[in-house]
Structures are given as C-alpha cells and as structure tokens.
Amino acid sequence: MENKKAKKRSMAMEVCQRLAKNKMAMLGLAILIVLVLCAVFADVIADYETKVVAQNIANRLKGPSAEHWFGTDEFGRDIFARIIHGSRVSLVVGLISVSVSLIAGGCLGAFAGFYGGKIDNVIMRVMDIFLAVPSTLLAMTIVAALGSSLINVMLAIGISGIPNYARIVRAAVMSVKDQEFVESSRAIGASSMTTIFREIIPNCMAPIIVQVTLSVASAILSTASLSFIGLGVQPPDPEWGAMLSGGRNFLRDAVHLTLFPGLAIVITILALNLLGDGLRDALDPRLKQ
Amino acid sequence: MAENDVKYTLDIKDLEVQFKTVDGVVRAVNGIDLSIEKGKTLGLVGETGAGKTTTALSILRLVPDPPGEITGGTITLEGKDLFAFSEKEMETIRGSQVSMIFQDPMTSLNPVMTVGDQIAEVIQLHEKIDQKGALEKAKAMLEMVGIPGNRSTEYPHQFSGGMKQRVIIAMALVCNPHLLIADEPTTALDVTIQAQVLDLMQKLREKYGTSMLMITHDLGIVAEVCDDVSIMYAGRIVEHGTLEDIFESTSHPYTEGLFGSLPNIENRQEQLKPIPGLMPDPTDLPSGCTFHPRCKYCKDICKSRVPAVTRLSDTHLVACLAYEEGTGVTLGGDGNE
Amino acid sequence: MSDVLLDVRNLKKYFNTPNGVLHAVDDVTFTLERGKTLGVVGESGCGKSTTGRAILRLHEPTSGEVFFEGKDVTKVSNQEMRHLRSQMQIIFQDPFASLNPRKTVSEIIGEPLRLYKVHKNKKEQQEHVLELMELVGLSERLVNTYPHELDGGRRQRIGIARALAMRPKFIVCDEPVSALDVSIQAQILNLLKQLQHDLGLTYIFITHDLSVVNYFSDEIMVMYLGKVVEHASSEKLFEHPTHPYTKALLSAIPVPKLGEKKKRILLKGEITSPIDPKPGCRFAPRCEYAKPECFERTPELKENEPGHFVACHFSGEF
C-alpha cells in the first residue's frame, strides 16, 4: 500500500485504471469501439453504390434472411448495409453537435456562474430566449437560413443545445466557486481563467458528463426529425433517424424497417450512458476505494 | 451486587464495537469499562477517532447496523441489562431515561417544525398528555433554559446557534432523564456563548440530579463540569480517575501528551510539547499498547504486550506497562528519543 | 527604529445584504512590524476573517489603505497585485475545503510555482515541491496522494507548504488549527513558530481560541462586530484587560487546571450582526457597565498607555 503510493502515476493513467475496473463502462466502451470500427470500415463491409443506394424493387420489404441480415426496405435496399453506413452520419452528428453545445454553452455558463451579477444576467436572459423557442424549431430555422447540408444540421443542433449546457454548467460552477480551494487559488495569484478551468471545471464534471451522454442521443433523434422534413440528410443517403421515420408507414407489415434502426440508436445511447457513468466515477478521486 | 447496581446510573463492562467495511474491520471500541455514579458527571476525553461517539451511541443502542455491530460486553442502565430490552422497549427508554445532546445545533432540529411542537412531540411520545398540556410544558421548559415562552411558536432558523443549543437541551431534559449524554455540546459555539450554555447545563443538572456523560476534547471544559474523567485512545480507556487524579497526578503518557499540547494561558513562554505522529488507523491498530508508536517512553515490551489495567488508588486506574511490575518500562525524563 | 511591514489604515469592508449594509470590518487601523505576529481574536461574525481577506484583497476593501512595504495594496493594478500575492499568503481554516479534491499533493503545492513560472522544467519543479514537503514535515511518499486520503493535520501541512512555495514575507493564518485535534494542533503551532523563526515570516494569526493566540502572538487585537475594541501586547492584554468585552472573553475560557474556579463574567444576550449599526458602542447592549452615553456616541480607539489601545468611553473607570 505504502509503496504503491510512492510510485509515479499520471492522472490520465489512473483514470484509465479506475475505468478499467468498471465492467459496465467497459461494455459500453466495447460497443462504441465496434460502432466506430463499423463507421470507419463501412465501405469494406458493404459497398455504397451497389448495396446502400441502388434500388431493387423486386426485393422490396423482404424480412431478414441469410442474404439480407436485417431484411430490405421499401426500395429493396439492404437495411444492414444502410445501418452500417448510417452509423457514420449518426456518430459524427452526435459528436460534432454535442461538442458545439458543450464548448459554447459550457464557457457561457462558466462565465455566468463565476462572475455573477450583470454578466450572469445578460448571458442567462439570452439563454432564456433560446430556451423559449422549441429546440427543433430553432434548429429548423437555422438550417433553413443556412441552407440544408449535414454541416449546417450539426451546427443547428449544436446551437439549439447551448442553453441547456449553459444552465447546467452555471449551476455547477456556482456550487463550487464559493469553496475555499477556489479562494486559495486566487490567493496564490491565479487569474480568473486559470481558476475557472483548472480549479472549478474539474469539480463540475459529473453533471456535464451525464448531460453529454443524454444529448448525444437527442442529437441523433433531432437529426432524424430534420431529415424527415427534408432539411437534414438527403435521400437516398442513409441515416438512422431517417430510416426510422421512413419505416413508420410499414410498421404493420414489415416491422424490421423500424426495428433495426431503432435498435441501433438504442444500443448507441446505452453504450454512451454506460461509459459516461463509468467516466464520471473514474474522474472523481474521492470515489476510489 | 444489587446494591452496587443501583449505585451506578450507567455501568459499561468490556464493551466492544466493530464496523465491518470494505477496507476491513474498524475496531472502534475495544473492551472499555465505564461507570457513572448517580448524579455524577463523567468526562470522556479523546481525539477524533478515539471511539467516544460510538460509545455514546452504543448506550442508546443506535450504532448503525450494518456496518456497525456491538460484538461484546454489557451495558447496565440502572441495574437493568440494556441488551436484553426489545427494540420497542428501547424506544421508550431513549428520550425518557437516556437522552443525548449532539454537537451540531444547526442540524439537530427539524427546520419545518416550530421549536414548541418539537419539544411537545418528545413529551407526547413518553407521557400520556394531550397536545395542549404538552405545549404548555414545552413552554415552561423553554423558560427554564432562558428562552421566553412566547418564542415557542418560532422555527429553528429564527434562533441563533446558542439559542438552538438551549432548545436542544430543553428537549433532552424535558422528560427528566436519569442519564444525559452530551456529545461535544459546545464545540460549535463561541466562547462567551459556550460559557452561558455550560453554566445552564450545570444548573439544570444539579436541579434534577441527572447523571451526565460529557464527551469532549477540551480539558478546560472537563475541569469545570466533570467529577470523574476517562481518557480514551484508539477505542480503549487508557486512564480513569477523579479530576484530581487526572489533573494533579497525571499517569498515562498519552494524558501527559494531551496536557503538553495545550498552550498554557498563564505562561506564554512555555514550549508546547505535542504528541508526535497521528491517531492509528482503526482497521490496523498497532500491536501491544496501541499508543506505543507515539509514546516517547516506549520500550520493546510495549510493542507486544497489551497493558492491563493497574489500580493506582481506589479511584485512579491506568493502562500502561510502566505501572505493571517487572516490565522494565519507566516514565519520566525525556524518554529514549 | 521599528521596521513596519504592514500598515493598515481605516480599513472598511461593507457587504450589501437584502436586510441592509453589513459593516463587516469598520475602520480597522494597525501596524505590524517585520517578523512579529499579530493575533486577531473575536467571536464568529466579528469580522476577523474578513479583515485578513481584505488585506490580501481577496475581498475588495470598501475603503481604507493597506501599505505593504510602503506600497498601497488597495491601489495597485491587477498585474502588480499578482506579483504582490507571491509575497502575501494565506493559510485557511478548513484544510479539506481549501484543497482541490481533484489534485494530488504535488500538484497542489506546485500550483504557485507553475503559475509564476519559477522553474524551467517539471523535474526542477518537482524537486522544489519535495523540498517544501520536507520543510513542513510531509513524508515524500505522500507526493501523489489526494487530499481526501490524508488526515486533517497533514492536509493543513499541505496548505502551509503551498503558502510557503513563493517564499512570502507575510502570511495570514485564518484559524489554521481550529479544525484539528489537540495533539495535532500543537504540532502545527510548533511548525508555524519554527517556520517563522527560520524564514523570518510575519504573521496575522486569526483565531477564536484565546489560549492559542496568547501562546502564538506578540500583539493581540480584539474585535467585536467589525470594530477593534482593544489592541495591546499579549502580556498587557492578558494581565490588564481593559475593555469589558475583553474581560468577559478572557474569563470565559475554560482553563484545564483545578482549584481555579474563578468568577466568570457571563455576558447576557448574544452577538447580533452589524447590519446598519446605530451610533454608539456596539458592545453596549451586552455590557454590564453600559451608561446612556455608550448608546449615543461611538467610542474611538484611544491609546490609554503606550502600545495599549482601547475603544471604550469609561475604560479607566473599572
């Protein structure tokens, strides 16, 4: 015990070690790695031109079979291939849009919470205005204004998520900023920025991580809604949400049209949540046993 | 034997309490003997982790189980074996025969009930009395601790820290308990308020003839309110005696260290002689005498042999090998180091 | 020839609260010589901690001047303040709350070194951290532990090491031992005394524990509701307390000795908070000697005899 303490160990190594002990988090991580590999090697697994976009009416609405593992959709395209290729869009949208909300919202919230007073009031009232508009409507407006493309969709979803992050980070910062170690950091001459990013933010990670895992899920679903009304991913490109909503009309006769894209979304979100919970615990040295 | 039992309000023999945690077994209390004569005050002195509060909770049978467990010993309250009571009987004893004052007055009161109602609730739990009568009695009790009766309809947040502690004292004494356990009752209070509260507790105790177990780390308070003193270290009583025994003929090296750690208010030039080292880890207590790693008189034998209790006089007991014959351990001087 | 390190003049710190203006520190004036210790005592809410923080500008003072080595701290730019902060340090009361739970011991102690870019590389900084740990009596093997793994005494040593990292001349000790056990408290007090002797430090020692302050300080300043009521050398204050509040405070200390059941002065009532205080002595409502005049006129801090300041209209009379 005593000897172990004397060993040099870096913070990142230690977090990884603690994370590795958490079986559920490792399961989540494994699923995510599989998904990422699918996205990266999608072209190897299924050819885009022949399997994903080429229509084959003769083969439409076939159930799962040895040839088409997940069956075919209303245009006779292989659903398995479309899901594999769809993972590219979904993962990228989730990642980028959440990063946009996290960085912008997080900074705004941190400044609002740390400085308080007028700065807080101005930032948070603007956020309230954003919150008053339903986020899908906001995203639609932004995409309509910027033109429909995948980049704009990600940006739009990211922007509509900013107020949530601002609120959460502000609340977390306010609960931490009055603690003595923050004051002690000022006493040794740290600037406000150093204090916020080195002392306060690391102690606000728990609610932020939970929010991230949840909002990746909602970002994927928002992309689906935008795609559905024609503002997001354009047919015939595959996207999980679009596939899900496209399959609704065949829910009675061909359940696999919605089942498999739905499962893909559920599994991704589950994996993110498992990993997020594990990460939150691993980042907190106090929970170490 | 029967006479003896009645002489003591509380008699603890060989009490052992352990907590089973993931880190191992925490040996919080390791075979202590305590007794309080009727109407007397015993001071239980020790530092954080010595097992003082666990001892107090054992008397109320409130040690959280799990992970805590009373693994041995007996507690006799007014001649009756406490461990023989059912949980139902225990409930009637708590608050009426034994009551406890906790350290933090800020968190021991229910913030959404008026103080009058809170005291009345205690009365109604233990006496057959209607709501109105209970409230009247609560008011009278508040007057007794120096709070105007008409403030009984106010909520705890409307009182200051010292006032809250008075309310808690009123609550603890309202059913005329035979034994009052006070766990660091004034630690959270300012000096002048502490003086007021101690004064009040003394007066009320004398009036009702209540026995008291005073848990504290402040030897100054002990000198003012206690009759007997037990010094506790790592779950054991290392020295027990009357005030004079402990203060005038200090015998155990730990007690000596405690006195040496206190700044002398009359002689500011005097150097502090702190006890080196730290409280031992209760999951891994040192072998032999648990104090040996911090003791300046430590000899080899102290590391292996557990000291027995030596009787220095009728009232003065000490658990140190230096007082046992043939151990070769001597105190005095500056020790070995 | 006195060598004044710190000269505080008419320092005031008011807080706006929903109930009115809280006069947390009201017109505090004192000087402190190099290498000496000033003890500031008083009960909760008397403004002693706020005084310490206002001197370091952790709370921006409302008005008044703080001269540190002849330079007015309240008027310097943020940039200069950053430099001054390396000379003026603080040790906090709660050794748990004042250490970031997410950082290891070496990161906490190394933080000021990193901020001021004292060392070119990590290795040098790490060596410096180890030197500091040795200075305050922390064993080297604790270098990568987290604060929550350590007990209060060791955590307080980390706080002291961090304060010492930039070789300050002046340290505000805000109740540094109040949260510690008696035997650990004595260890830390001895350490602080030793460091003062070895490094020539000047302290402001804020505490509510009078026996500790007597042991530790050269001079003592007693505060009540934001005002200084008495200021004298430790010997004088303990031998001839002049202000009624100081007398009551001294008599209230429980002394760990037998046969000295001295007469206690039991104060009536409780401390209120100094929100929009009326003129007059703030202690008057609890003072047993209070006369009508005390409720009308605010007593000034006067030098009764050389080096002994008292703020009481009738200080000579009882």
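The letters A, B and C name the chains in turn, as written, and every chain counts its residues from 1.
Quick note on the criterion: a residue touches a chain if its C-beta (ideal position, glycine included) is under 8 Å from a C-beta of that chain, and two chains touch if they have at least 3 such contacts.
Source: prediction; values computed, not measured.
*Asks:* Go through the assembly and pull out the chains touching subunit B as well as subunit C.
*Replies:* none
*Asks:* Quick one: most central chain, C-alpha centroids?
*Replies:* Closest to the centre of all protein C-alpha atoms: chain C.
*Asks:* Approximately how many whole Å separate the CA-defined centres of subunit B and subunit C?
*Replies:* Their C-alpha centroids are separated by 32 Å.
*Asks:* Roughly how far is subunit A from subunit C, going centre to centre by Cα mean, in whole Å?
*Replies:* 49
*Asks:* Using CA atom averages as chain centres, what separation in Å is found between subunit A and subunit B?
*Replies:* Computed value for the inter-centroid distance: 55 Å.
*Asks:* Which residues, counting only subunit C, touch subunit B once they are in their complex?
*Replies:* 43-44, 151-154, 181-187, 189-190, 208, 210-212, 214-216, 234-235, 238, 248-249, 251-258, 261, 264, 266-267, 270-271
*Asks:* Hey, which residues of subunit C end up touching subunit A in the complex?
*Replies:* For subunit C paired with subunit A, touching residues are 53, 56, 58, 81-83, 85-86, 89-90, 92-94, 97-102, 104, 111-112, 115-116, 140-146, 148, 159, 162-163, 165-166.
*Asks:* Within their complex, state which residues of subunit B touch subunit C.
*Replies:* Going by the criterion above, the answer is residues 47-48, 160-163, 190-196, 198-199, 217-224, 243-244, 247-248, 257-265, 268, 270-276, 278-279.
*Asks:* In the complex formed with subunit C, which residues of subunit A make contact?
*Replies:* Checking each residue of subunit A against subunit C gives 2, 5-9, 11, 179-181, 183-191, 194, 198-199, 202-203, 283-286, 288.
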